[in-house]
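Labels A, B, C and D are assigned to the chains in the order they are written; within every chain, residues are numbered from 1.
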Amino acid sequence: MTEHFPILILLVPLFGALIVVLLGRERPEQCWITSLISLGLSSIISLFTIIVVLSDKVQTIRYRMGGWEPESTVFEVGIELRVDILAALVVFAVTFVGFVNTIYSKTRAEAEAQGKVPFFYALIQLLIVGLCGIVMTNDAFNLYVLIEITSLTSYALIAMGNRRAALSSFNYVIMGTIGASFYLLGVGYLYIKTGTLNIDDIRMVLGNDKLWEHQSIIVAFIFIMLGVWTKMAFFPLHGWLPNAYAYAPSMTGTFMAPLMTKVMVYVMIRVMLWLFGDKFVYSDQHVWGELVIWMSVIAIVAGSLLALARTDIKKMLTYLIVAEVGYMVGGAWLGNVTGQAGAFYHILSDAAMTFCLFIAASIIVLRIGDSRVNAFDNLFRKMPLTMIGFTVGALSMIGLPPTCGFFSKWYLIRGGIEAGQWEYVCALIFSSLVNAVIFFRIFERAYFGNIAGVKEDFSPSDSDANPDTSIKEVPWSMLVPLYIASVSVLLLGIMNRPLFEWIQTALK
Amino acid sequence: MIWQFDIIILIFLVVAAIVSLRLKDLLGASMVFGIYSFLICLLWAEMGAVDVAFTEAAVGAGVSTVIMIATVFSTTRRSKD
Amino acid sequence: MKVFGLIAVFVVGLLLLSATQDFPSWGDPRSAASDGEVSSFYIEKTESVTKVPNMVTAVLADFRGYDTMFETVVIFIAGIGIIAVLRNFEGTDSPSDNDNDDDGAGLLARFTCSLILPFIQIFALYVVAHGHHSPGGGFQGGVMFGASYILLALAFGLSKAKQLFSERRTMIFAVIGIFIYVGWGVLCLLLGKEFLNYSVLDSILPGDSMMARSHSMLVVEIGVAFTVTAIMFSMYSNLSTRGRLSKGL
Amino acid sequence: MDPIIANFIEENIVPKFNYWIYVILMMIGLYAMITKNNLIKKLIGMAIFQTAIILFYVSIGVKETGGIPIISHHGPDHHQEAEVHSEESSKNLKHNIIDKDKYANPLPHVLMLTAIVVGVSTLGLALAISQRIHKSFGTLEEDEILNELRPGGHD
């Protein structure tokens, strides 16, 4: 039974999506329950997968689709799934965030999906299928198909919002197709030189035949990296992300912001270490190592400054995501295990804290009716329960112990010092300072209210007239996800040592 | 695989691609895109990829063109470039 | 923007061209991809292990059946995505559009269509069923079957086509298609082998395990055809009416 | 002609003509996707871009000596097998040796079937999104949409 866990994680939400479509528009309540059950089941299975992978016997589950054992050939002829501890952790993060986000969607889906509730739940479950598949597959072309599944679902989910969401979704279609097609081109260049599509086999052929110096392999690497960077919104290619996530329906934004870019970072690490191998990527003959670290420094600085310049809280958070992507790219390219493990640990912790912050921000925007920070007067008094969750996420983003943001940043800085990349270390510290400025600005506004004497072009809305009656706490279906997210931020921080050790052993 | 045939279709392909992008009338552009799909389907049949050619004939020259024309009819034919 | 685009495009093009210099020549049978073990395995062993002469069908539905399952899911996503983005359940956005009746094309077009529609549909079924021996398969046949409904909608008006293939019915058909495909894989799982390992199905299908693979390919192709037929029609009917499904082109 | 250029053409362009055309088509499509102002034109560029990549993949699978990837036991290539009765030949399949140079590589074809499907799905969804944009902005030109957004936009 345990050997079938990888495919079961995928099949349960897939069936959930089919059932939800069959249920139809007349039964939104049952659609919610169905997707809650299917995602809950899927996250339980992925939790068991972590336990199985961590047990003494099994370290890596390999699952051959269709049972095609390579008999006469050395290479795989079918498609293979490969689940190690890294994949199991990310899959658990994906399914668990999906599950918690479904709780959050309970009231919002009916309000924001305009009578298309079943399609929303079906698309979000298929998105989860795609993300889990991306993480687990061991076939370069299958990865492309799954990337397209996640892209198509996210185009549709974003375009379900208002008219600006449709426009940003269109830009996302263009950028996303360029990214995915570049990835496909890179895989084609690898295939023409190696004759196989299995990730492990490609690495083996590249190593055995000494293809590393070939121009086509170098070009393939550049194109795969460009494609993946486009999908993860690495700084100069980030154009599609802020508008898409800020204007999407809130329950879509809360799911996609924590996960989409992080899963693509996982793909990048996997491409670097498993598809091409560290001997190729970190080789001294290529100039790109230093270059990418500098690009990530620029991404971190630019993302932080752009976030500082925004007053709209959702836009601000999306630019912070751009900066966080810079952290992870830099960490993965440092060339030592500490940096890679730090980048991987940051995938998990960033997913948790972004999820926490996005839920809190969505709740606040929903209740205030204004997304500008200037409208956040006295929020600590009006919505204390929400603001506690927001504070936990914000402290983690700044990087204060015992939240997970502190530890992941700590490992990344340690990796940077080990590699001697001081510009990267400086950028990380600078970004933490900027984050502190950003969030303490919000805290000040929310705790003390508008300080008298400061003139602003902010017209007081109705909420200022009777602050105590109009703004109330939100229903439990929104607060519970927020608290689960904040608790997981703290838990990931407390459990940092065992997690980090698992990650390090898997990377070695 | 006949390479003379191959080269002629490839050149036509480039021409069709440029024409469909230069036309200011979106309906015409969609039609020329259908021609482009049909040419590329011929190319694949000639290269021995019969299944791909069949799919492209049904999808590229058929359904893609139809849904593109449907969109042009229900939005606008005008294009500035 | 134009200058920037031109520079970006030329950089990309030059990079790609610089890599073609160490490609094998076009059509070289000894190139790594064509002479590699995987490709040779498919060409030499496909017929002996699956009894299907069309290698493309065999690789598509069996060796890489997991890819094809997701290919069907992609089509399904496109269908429900278009409904989620465009469908307007509240009725018309401008009432005047609904006034004139939708009665399709002229008499000649209707007559021709009613003559050729049955043949299109039979040929589509042939393409699905004969995919093992000739080019074709579930996807191509499904597209043709869907196209026959599109033709019906063009000639007789969308309302006529919707009587045969209502929106609810398209969704059910699309779901049934994926259900057949995935369910067939789950059946292998229940019988104790890997997902999509058709060879274990010889206990319930006639013939040995190789014939079971051959028959199972037909089953999953039928599943693909269901989904593709339904979604192709759904795509057309939504896109041609701006999501109102009231009046076609 | 300059012998160096002639040599370059001889070695790099003639045997790899397909790869050159695919790069040119890809550049056309990419240029249209980046610079075109009309949304439908961008999508046509996207479709051209995708077919260019499919052209590249299909070119990988071509063999000069190879035909279509469907095994035939009655074709002119298999005289000795054609004499044997077809039922017997399927029984003795294991003893038949299939010459792999006679058939094109099937794997790129399979991959490209999937890519075509992905392409048409993306196109359909993108057309739906552009119809929605047209419904709320009344135009498909990118600059006109951005102009309309500017006064009220709080970006």
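The rule we apply is simple: a residue touches a chain if its C-beta (ideal position, glycine included) is under 8 Å from a C-beta of that chain, and two chains touch if they have at least 3 such contacts.
Everything numeric in this text was worked out from a predicted model, so none of it was measured.
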Co-neighbours of subunit C and subunit B - touch as defined: D
Mean-CA-position distance for subunit D and subunit C (Å): 16
Distance between the centres, which are taken as Cα means, of subunit D and subunit A, whole angstrom: 31
Where subunit A and subunit B are represented by their mean Cα positions, the distance between them in whole Å: 37
Overlap residues in subunit A, where contacts from two or more other chains coincide: 141, 145, 148, 152, 155-156, 159, 166, 185, 191-192, 197
Two or more partner chains touched - positions in subunit D: 17-18, 24, 30, 59-64, 66, 68-70, 107-109, 111, 113-114, 117-118, 120-122, 124-125, 127-132
Sequence positions of subunit B contacting 2 or more other chains: 1, 50-51, 55, 59, 63, 67, 71, 74
Topology of the chain contact graph, where touching chains are joined (line, ring, star, complete, other): other
Pairwise chain contacts, counting only pairs that touch as defined: A-C, A-D, B-C, B-D, C-D
Complex contact set, residues of subunit A against subunit D: 141, 144-145, 148, 151-152, 155-156, 159, 163-164, 166-167, 169-170, 173-174, 177-178, 181, 184-185, 188, 191-192, 197, 243, 312, 315
Subunit A-facing residues of subunit D, complex: 30, 33, 39, 42, 46, 49-50, 53, 56-57, 60, 107-108, 111, 114-115, 118, 121-122, 125-126, 128-130, 132-133, 136-137, 145, 149, 153-155
Residues of subunit C touching subunit A in the complex: 15-16, 18-24, 31-42, 45, 62-67, 70-71, 73-74, 76-78, 80-85, 87, 89-90, 168, 171-172, 174-175, 178-179, 182, 186, 189, 193-200
Partner subunit C, residues of subunit B touching it in the complex: 1, 50-51, 53-55, 58-59, 62-63, 66-67, 70-71, 73-74
Footprint of subunit C on subunit D - complex, ascending: 12, 15-20, 23-24, 26-27, 30-31, 34-35, 59-66, 68-72, 90, 93-94, 97-98, 100-101, 103, 105-111, 113-114, 117-118, 120-122, 124-125, 127-129, 131-132, 135
